[in-house]
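Got a structure here, written out as structure tokens. Questions coming.
Letters A, B, C and D mark the chains in the order given here, with residues in each chain numbered from 1 onward.
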Amino acid sequence: MEKLLALSKVNKRFGGVVAAKDVDMEVYPGEIHGLIGPNGAGKTTMLNLISGITPVDSGTITFLGRNITKMKAHNRARMGLGRTFQTPRFLDRSDIEENILLANDLNERISFFKSFVSPKSKNFIPHLDELTRVADFSFYLEDDISSLTYGQRKMLEIIRSMITNPKLILVDEPAAGLNNVERDRVMTLLRLAAHERGIGIVLIEHSMDMIMDCCQNITVLNFGEVIACGSPQEVSNNEAVIEAYLGRRKDA
Amino acid sequence: MKRRIIKILVVVAILALAAVLVPTISSHYVITVVNGALVFYVGCLGICVMLGYGGMVSFATITFMGLGAYMSANLSLKAGMPFLVCVLGSMIFAGLCALIIGAILLRLSGTFFTFSTVALVLIAHDLFTNLRSLTGGPDGMGGIPPFNIGSFVADTAADNFYFLFVAGLLAALFVHRLKYTNLGRRLAAVRDNEIAAATMGVDVYRTKVVAFIIAGVLSGLSGSLMVHNYHFVGSSSFVFDQSTTMVIMAMLGGVSHPGGVFLGTMIITMLPEWLKPLQEYIRLFYGLGVMLLMVFMPTGLWGLGEQLSARFKERFHLTRKTLIGSDDASSEEMI
Amino acid sequence: MKRRILSVLVMVIVLVMLLVACGDKKDPVTTEKPDTPSTDSSSGGEVKPSVEPIRVGVVTTLSGSNSGHGEYAKEGAELAKKQINEAGGILGRPLEIIYEDNGETEQSYVNAAVKALSSDDVCAVYSNGYSSQIELVLPQAQKYGIPYIGGNSSHALLEKDYTYYWMLRLSDRYVSPAMVNACVELGMKNPAILHVTDSYGVGMADYVEQAIGEIEGMTVAARIGVGDNEQQFSPYLTQIMNSDADGIIAIQHQDQAALVMMQVDAMAIDLPLMGCSQYASALAIDTAGETANGWYSLADWTVQTNTETGKAFVDAYRAAYNRDPDMQSVTAYDSMYLLKDAIERAGSDDPDAINKVLGETKDLPGAMTTYTFQGDNSLGTTIFLVQTENLQGTLKGLVTR
Amino acid sequence: MNIGLYLQLLVIGLSMGMIYAILAMGIVLLVRAVGVLNFAQGELFMLGAYVCYALTVQLHMPIYVMLIVALLIFVLFGTLFMFAVYWPLRNSKWPATIIISTLGASVVLKEVVKLIWGSVPVVQPPIIKGVLVLWGNVRIEYQYLFIIGIGSLLITAVFLLFDKLFLGRAMQAAAQDSYAAQLLGIPTIVTTALTYIISASLVGVGGWLVSPLFLVSTSLGSFLLKGFAGMVIGGLGDVKGAVIGSLLVGVIESFATLFTATYKDAVVFSVLIIVLIVRPTGFFGQKISEKV
């Protein structure tokens, strides 16, 4: 199968702190790829490097066969690289519709002049409706974004990302702060995206159950370094991973 | 759809009424005041785009008004161009300057950008005052011909009013519609969350520059209207204080809506005229008012109006909303 | 959505309120409107209340940071009004003055001026606004056909064809050679010019430079143009001190003039000092205090004036307000008498008639100077050379155009 | 060739730079603590000049008494200002509101001053009178030297308090963050108020320092823009940077008069824009990156 995303020897330092050291990683279409590691391992930084919010120091990032290492974040997004955040980021002062329309713009790409004269596009509604039903919640399109609960916003962020018809979504701790029911819905949503739509997903999650449950492949980071990579079974049996998580001393 | 048509008709009727009534029932003095306010309204619409839509505090509006004003004055006095060419010329000129300046200044973020626009205003004022061959220096440029189209030449304040009214209306419609375009949404995204915007495919820098250019073009238009309205342009009109007044005008009425900006412009222009008996205290009240306003209605009078009407409609269930994610989704219904 | 209709409605209501509130003046039918003079003061006692007053507009700064000028102007105009009305008014009709506050911005100046010009029955307007402000309004005055008398002295305004504009003071163009001659007498051969870069300062500095050029053996050491918001003159004074300048010619407005005088004193500069008329103004001298002593200036006005009308004015002013009159007071005062003279010669308060006879003004003694029409819409004929001594302008000479 | 001239210009420039530095430090403290650009800082500066004028000229207080009373008044102003302008808006959804509110406050302060003291400028007699004649025409006013002296003292004090002493740094941190405040055991409101008080006192003293050089008038507020310029050149949020930037502005401004008087301000602000283009966060500013 064609590789969706490939990182090769990616490095990043913030002052004296190594955030990424010679990181290699590969993601395939339809795959949910877990990215785990202890706190401060550089997971979120890795997503920032991939989505282009922070520039890499060295190494190459290839997406859809193109070298995107030097590409700006918005251009990566336009190529089909979606992203959600640990705390959802929406247009706080706009209603839900505006937020979704922004995603729709990324999908439809009509020119400014056309959007100036044409009435509001509504053709995203069936798609939105379908995804919302999978996530099993409902809302009014004209409501303020702040009327949604935290969990709903986290789900809406994933839905918003899916509306743009991306090839790859980077999902940062979708279940953090969610209750069990909501967590299941997020999982359903992610599985739908990966398995039925063939979208590649890079998933950061603290909940090991969730990672083990839905990921095909897992990359384990510690202090910016890849210490293990492979299927859930391989990773969970890996000495280095256990060591990193349990914090055993090298000499013990 | 019917509601929409009725709504548009009502707005058109009110505007038409205003267009007919203002010049006929009010005195020459009132029309002059309204004309002055309309000139600044067009400039304030630029602030609406920059601050209201894009969340960027820029004090440069007055400078681009100056650029437009001097361009228009030069075109009409030295090249003898008719009004429409002058207006177009100054809009293009101000837009080009905005492109160059914006491309440089918008590399800065937040407070740095705001302050660099302040610096720009101060530099530009020095240039306006001292480039005597281009701006007439401190003497300014006088004898600028009035508004004209073809053989029609605006002679009275009422004639000027029609020109300004049409220009203001067109600019307001453009700015109003802009909010609902993809550019408008991109601006909102940049305003609310630059990083989220970038991951949604929004070119933050470019969007900001485009907004700056639009604001520049509107200011250029405003400056051009200014010279043809007053037949004179002098550098003392383009000072930092005037710039802050314009930002306050926009904020007072409601910076994210052209209607709100209109309210603000009218009130700030008319308040001093209106409260003449309180001369000593006008500016004190004005300052206090601004401070109170920011605390109690940060979205300006328009925002307050919208909040009130939203509450009203919720009370009486008049809102039409689109439900997403339930069985009868995507059907419009009354709740 | 009804929301928008509602908000548009609210907006219209607010605007209508505003329009109504500030549009009270317009009343095209003006003939009947008795207007009782008894309301404005006891001064109109000798005039029959039933007579229609003669209305004159005065546009000046009554609020904001320059309201000091406006206070002087208003006092001067009020004094003239009181005297004229006590003496029987103009053509038997009382004089009524409509004050308009021009605020701080250019735009509010235009609004105030248009309000004055469009007030009912106003036959002339006096304003002590800056040249740039007055120029903004002159097209309007031209349109209304109402004489607009300015208390400014920028010659540039005379060169444009504003037939309804009248300049009370001697224009800068005629003041400047006189100033340079006085400098020569003070022993300056190579003076430095320190001027403000507004219309007034630049224009005057140009004429001064021109006049210096015409005098053999005289040169300009340095010409320094400083913005009208500058407060720090020390670097410029330092440079002048370090050049071979043998005198300073300073052209500033009142506040800046006071600052220059203070800073010159603080640096203990002992060159001969020549200032423009503002250096002799009461406001500048009051502010600068001791440091003003020693400065020469060419002043349109000094309280030590040697004319009969001038002395009478000073006495009356001191009696009425318990302070010395400023140039702003005297120009406002004189403009009222100038209009009185014109209206009486024209025999009516028709603006066009007044405008016509203003151009025939000849040898009218005013408090400031003697007014004579000399072909370019400027009426003033004389200017004083004064030196400030003991916080008073001492008369050193009289220059006639 | 003309050392005397350059020396004089340097002294004038440095002393003006000191004044800008005092203004800039006041703003920096506020920016660091509450993240707000205070456009009314210039008016607090002006108010300082007026208060000192009232105490010395109108109430005939001796200088030591005057300074103590003035400081008490500045403390009051700082507190009042915080509660009127910042506190009600600290959680506002619209960041522009605080800026606009400070603009409103600057108008209010100006008008109040005009109502009390009138719009005609008043004169504050020099604190130290006279000129130091070095040689020939080279003379330096003692007032400038006095400003440089007191200015350096104030700058050192602020620098020590906020950059070197733990207490000051903790205070600034606590004003930003209620969690840090809890750790410190002081409520945010106290630390914020303290910052405002120190800031207001600083610029108040600055106003007192310049008032004998210039007229005490509402136009003193315009010095703020140069203070801003110094702060931005130095880098927002850095005391050291603000001081160096402001001194630089003062000296550039002073020497710019050698070449141009009309474009003096344009020169200063062009330098500002050029610095910002080369280093978008000023000389000492760190890149403030948002936590993603």
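The rule is simple: a residue touches a chain if its C-beta (ideal position, glycine included) is under 8 Å from a C-beta of that chain, and two chains touch if they have at least 3 such contacts.
Computed from a predicted model, the values in this text were never measured in an experiment.
Central chain (C-alpha centroid nearest the global protein C-alpha centroid): B. By C-beta pair count, the most extensively touching chains are B-C.
Using CA-based centroids throughout, the chain positioned farthest away from chain C is A.
Chain A and chain D have Cα centroids separated by 47 Å.
Between chain C and chain D the centroid-to-centroid distance comes to 37 Å (mean Cα coordinates, whole Å).
The centroid of the Cα atoms in chain A and the matching centroid in chain C are 72 Å apart.
Residues of chain C in contact with two or more other chains: 64, 197, 225, 227.
Counting only residues that touch two or more partner chains, chain B has 126, 129-130, 195, 280, 283.
In chain A, the residues that touch at least two other chains are 53, 85, 92-93. On the chain A side of its complex with chain B, the touching residues are 51-53, 72-75, 77-78, 82-83, 85, 89-94, 97-98, 101-103, 105-106, 110, 112, 115-116, 120, 125-126, 128-129, 132-133, 135-143, 164.
Residues of chain C touching chain D in their complex: 64-68, 197, 224-227, 229-232, 234-236, 238-239, 241-242, 255, 258-259, 262-263, 266-268, 283, 286-289.
Of all the residues in chain B, the ones that touch chain A in their complex are 177-178, 180-183, 185-186, 188-189, 191-193, 195-204, 319, 321-326, 329-330, 335. Those residues of chain C lying in contact with chain B across their complex are 1-12, 14-15, 18-19, 21-23, 25-26, 62-64, 101, 103-108, 110-111, 114-115, 118-119, 130-132, 135-136, 138-140, 143, 154, 156, 160, 197-203, 225, 227.
Across the complex, chain B meets chain C through its residues 3, 7, 10-11, 14, 18, 22, 26-30, 32-34, 36, 40, 126, 129-130, 137-140, 142-143, 156-157, 230-232, 234, 236-237, 241-242, 245, 259, 262-263, 266-267, 269-270, 272-274, 276, 279-280, 282-283, 302, 305-306, 309-310, 313, 318, 320.
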